[in-house]
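First, the structure itself, so that you have it in front of you.
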Amino acid sequence: MSQRVGVVRFPGTNCEFDTVDAVNELGGQAKVLWHGDSDLGDVDAIVIPGGFAHGDYLRCGAIARFSPIMDSIAAFARNGGPVLGICNGFQVLTEAGLLPGALQKNIGLKFLCCMQQIQFVSTTNIVGVGARVGDLLSIPINHFEGNYVCSEDTLRQLEEENRIVFRYTDNPNGSIGDIAGISNEPGNVVGMMPHPERATSMLLGSNDGSSLIQSLLAAGPIPTA
Amino acid sequence: MRFEVKIEVSPRKGIANPEGSTIERTLPALGFKTAGDVRVGKVIRLQVEADSSAAAKTIAQDMCDRFLSNPVIEDASVEVLDT
Amino acid sequence: MRFEVKIEVSPRKGIANPEGSTIERTLPALGFKTAGDVRVGKVIRLQVEADSSAAAKTIAQDMCDRFLSNPVIEDASVEVLDT
Amino acid sequence: MSLAPEDASVHRALGLSDEEYENIHGLLGRHPNHLELAMYSVMWSEHCSYKSSKIHLKRLPTEAPWVLVGPGENAGVIDVGDGIAVAIRIESHNHPSAIEPYQGAATGVGGILRDIFTMGARPIAVMDPLRFGPLDDPRSRWIAEGVISGVSGYGNSVGVPTVGGEVVFDETYKGNPLVNVLAMGTLPVERLVLGRASGVGNLAVLLGASTGRDGIGGVSVLASAGFDETSEDADKRPSVQVGDPFEEKRLLEACLELLDEGLVIGIQDLGGAGITCATSETASRGGAGMDVDISAIHSREEGMEPFELMTSESQERMLAIVEPESLDRVLEISTRWEIAASVIGRVTGDGQLRILDGFDGNVLAELPASTLHDDAPEYDRPLAPPDDLIERRSLDASVGPVDCAANLLALLRDPAWVYSQYDHQLFLNTVVGPGSDGTLLRLRDPKTGRETGRALGMSTDGNHRWCHVDPRQGTAMVVAEAAMNIACVGAEPMAVVNCLNFGNPEHPDVMWQLSEAVDGMSEACTAFNAPVVGGNVSLYNETNAVDIAPTPVVGIIGLHPELSNQPPGITVDSDSMIVLLGQQPKEDVSMAGSLWAWEIGGCKDGTLPEFDLVQTVRTAAFVAEIVQKNRVEAVHDVGEGGLAVALAEMAIQSGIGMLINGFDDHRALFNESGGRVIVALSDTNLESFLKESTNRGVPVQMIGRTGGSSLVLGSTIDLSIAELTSASRDELPQALGQGTVSG
């Protein structure tokens, strides 16, 4: 169980309180962690939320990865601690080398904010608890740089190791292999472009994101090799 | 001494370059029928304090490798300009 | 003939360059205490079909003024590379 | 200090008239020096002083028990209950956007957000009513694409959702686009702060970006000069400002933290006229004076002149008035957010604004702070209706190449390509986002985040066609349209903000338009009991001496009292009845001012259709109520393009066809008679609904049924949903999504 969730706040992050609300609403206890602190405190899981850390200048996540908190998060992840990067958080995780590949500008060169359908490809990770491969979810995307790229070797490896977590059913941004989210090998670090915290209430149009956050709350540390 | 350094960061060959391809797709519609093979990169200019031009280059190269470019998708070249 | 053209678009002097200043603020934390005055621009490389190098330059300059840059805030330099 | 007697050319070059110069001379009792003159010139510009419009704006209704702050402050504030206040403001950034569309729009968003957090509110929504030249004009496409990217680039990054707006293309805006931006924020009522400096010895701290040569003289140059193609835009180049949303985001968070900790006495954003405006306004509002140390201003460039520092419009800066004891904590918070902070001023008791080179250094300027705005000139400019008004009004706007099906396809335009570039969901409040009528946002307690079970409805509306034909009735209809849009999401109007975009005020017919528009707005706002709590006036919107069509834009905000589920929206189910509410026009209804008349018929004049404001208020109240009570399956008001366009939009969004009886000619299909709403409901509820509507004094008519895959409208239109969809969805991405050139 990962009830206590640390939600990281960089200057320029903007989805931190939405993420906190969603986690609390679903029974967790979220607290905001400042990027300049290196102490994670007593948390069972980390979410790096969406936004524009450091303005997304240079490259998305390029400056954020040097924040003091990132070393602690890397150590936490090495010990199997659950780490979820959403949107900008996914970009930060790739820049920090916790996930492979990179996120480039959308193929249409426009920011995109809309509901998107994604499909579970792998459930052996921290967002897949209780899900089945093939499950379809409607979750909003909200990004300019969501076009996942990696080398062919990496892509093959992701496929072989069953680390593609979600694919888009209708690719909005040009991502290689329609990839919407991936994990590290043990499955305790996941990065995804869609925003599950924006899909936690029918009043706002969808609650398909709730199960992903509940999964995070249910997932304990995953043993790493 | 202060040296002016120019770093050019360009999309790696073989990696899609959405900006370049969009410009390329767009040009004919805008009346530029004769252009192609567009690649868009970044150029970063900065001042470095160092003892020699070679030292300035080493510093800039290090900056580039660790921070200014992402080798997964980008190539970078570093040049120390005459002052 | 095909010419390779390189266009560099940079923020005009005196105009704020938020990306450059943000990078500049970050450098000391990475251990680069000696660098400053960072400006970030764009570099665009493309092929132009033209009768002469001068004609290629004219085409690229036009592209640059009307499409690739806004002279109100950016300076652009066009260079036809040897081939 | 050295006071050079002025030679006439300097004040004129700064945009001050001889009379205004004499005025300054009188106020000071001596000749002003150059710096003083520069300060008066920016503060007495049209943009800052509203000198041509003030006299008319006084006629707007501005009061209601729930209005906490009316026009005159940085933003209007209303009390929405539960201890929550809402701050709202709209502004134009028309002229900057004509030169550098991306940055013009970006800095427009930045500026309006600062107006909101200045009041102590966290901005939670932006809306962007946009108007451009025609899509077949390359430069207009370039401007449109740049502006939309600028709103997207800045708004998304600064982290405030853009939840609605408008996008209009018309010949009248060729060369002079209208980029208006509205922002809204919420705050605990007790945290309301006003931009005033009081307490002798208190400090003025300049927060945020460093001051560069951005927009030097921009206020006078950009706001009071029209653009003609002959004059080289290059002259205006140095005036362009570049926005930094990341700086703004840090500034916003830092300021909200300062306010949370009660560290500021007053706070003021720096907009037009920069430090001159912020220091003089805070001082004079607080009945105080201020000493300003120009050498303490953190600047971006070396060697900036005092007048440059004092009038620079560099973005992302705020001025906070703090007690000396609080300074350390203020600096600590600034450091944490990586925000530069410099003590640039001290509050004094003598009402003078003194500009010094070092607090103990030379006096560079000294003037009574209040004279910069209280004594700004106020003009009652000559006004007169156009000479040919009677002739124009006698024209018949219903003639033209009638082909109803083709006309409908030509009039459809889905703005989704625009708003899908905007984060419209951040903060998890967006119950109804862009794409229907009004926007509906959950109202949550700004302190605790707790839901109140209520929601805010918002809409922005303008209509230059109606206002060209008749600025008075046209403006009243615009307000009514806005009110109807929020009624469609269940909200009842509480307040209005407005942006008056007009041509050259030195033209008597433009002043007449403005005056008429103010009267029309007053009538409608009074009828809807929605006072005007703020606004902005943008004049000199002209190209080659041709004024734009009068374009008052309103933003409306209202409350949905009990939100339990999503409002019905504009999508219908299959096999439902379609009912039209509101006064139905006669068969020979005027087409004047309609989209059809302008785009298809080519006639821009005539007399507007009759408009019954009282009936419209009644219909809007009824619509809000049936939406709140979930009595209908779908609801959509009839606006631009008339009934045919409204029905087509519903069919497209639902992917379901309709069979509508009657409406056999283009007048019936495309007239824009106001105050009408389409609803869909099931057979079983029909009887009682018709009865109730009639009892409530709302005319009602059953017009058809949903189903199938075509829109069949009377005897003239039978179009497949697929055809309608591509006509509507493809236009903007094809015109703007493929790259644009500056002309």
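A, B, C and D are the chain letters, set down in written order, and residue numbers restart from 1 in every chain.
Methods note: a residue touches a chain if its C-beta (ideal position, glycine included) is under 8 Å from a C-beta of that chain, and two chains touch if they have at least 3 such contacts.
If you're wondering where the values come from, they're calculated on a predicted model, not measured in any experiment.
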item	value
More contacts between chains, A-C or C-D	C-D
Distance from chain C to chain B - Cα centre to Cα centre, in angstrom	10
Distance from the mean Cα position of chain C to that of chain A, given in whole angstrom	34
Between chain B and chain A, distance of the C-alpha-averaged centres to the nearest whole Å	29
Multi-chain contact sites of chain B, meaning residues that touch two or more partners	22-23, 26-27, 30, 67-68
For chain A, residues that touch 2 or more chains besides their own	54-55, 57-58, 66, 108
Multi-partner residues of chain D (each touching 2 or more other chains)	244, 246-247, 338, 739-741
Chain contact graph, described as a line, ring, star, complete graph or other shape	complete
Residues on chain A engaged by chain B in the complex (per definition of touch)	58-59, 62, 66, 94-95, 100-102, 104-109, 147, 149-151, 174
List of chain C residues in touch with chain D within their complex	11-12, 14-18, 21-22, 25, 65-67, 70-73
Chain C contact footprint on chain A (complex, rising order)	54-55, 57-58, 63, 66
Chain B partner contacts - residues on chain C that touch it in the complex	8, 10, 20, 23-24, 26-27, 30, 32, 34-50, 59-60, 62-63, 66-68
Interface residues, chain D side, partner chain C - complex	99-100, 102-103, 209, 212-214, 233-234, 237-238, 240-244, 246-247, 300-301, 314-315, 338, 739-743
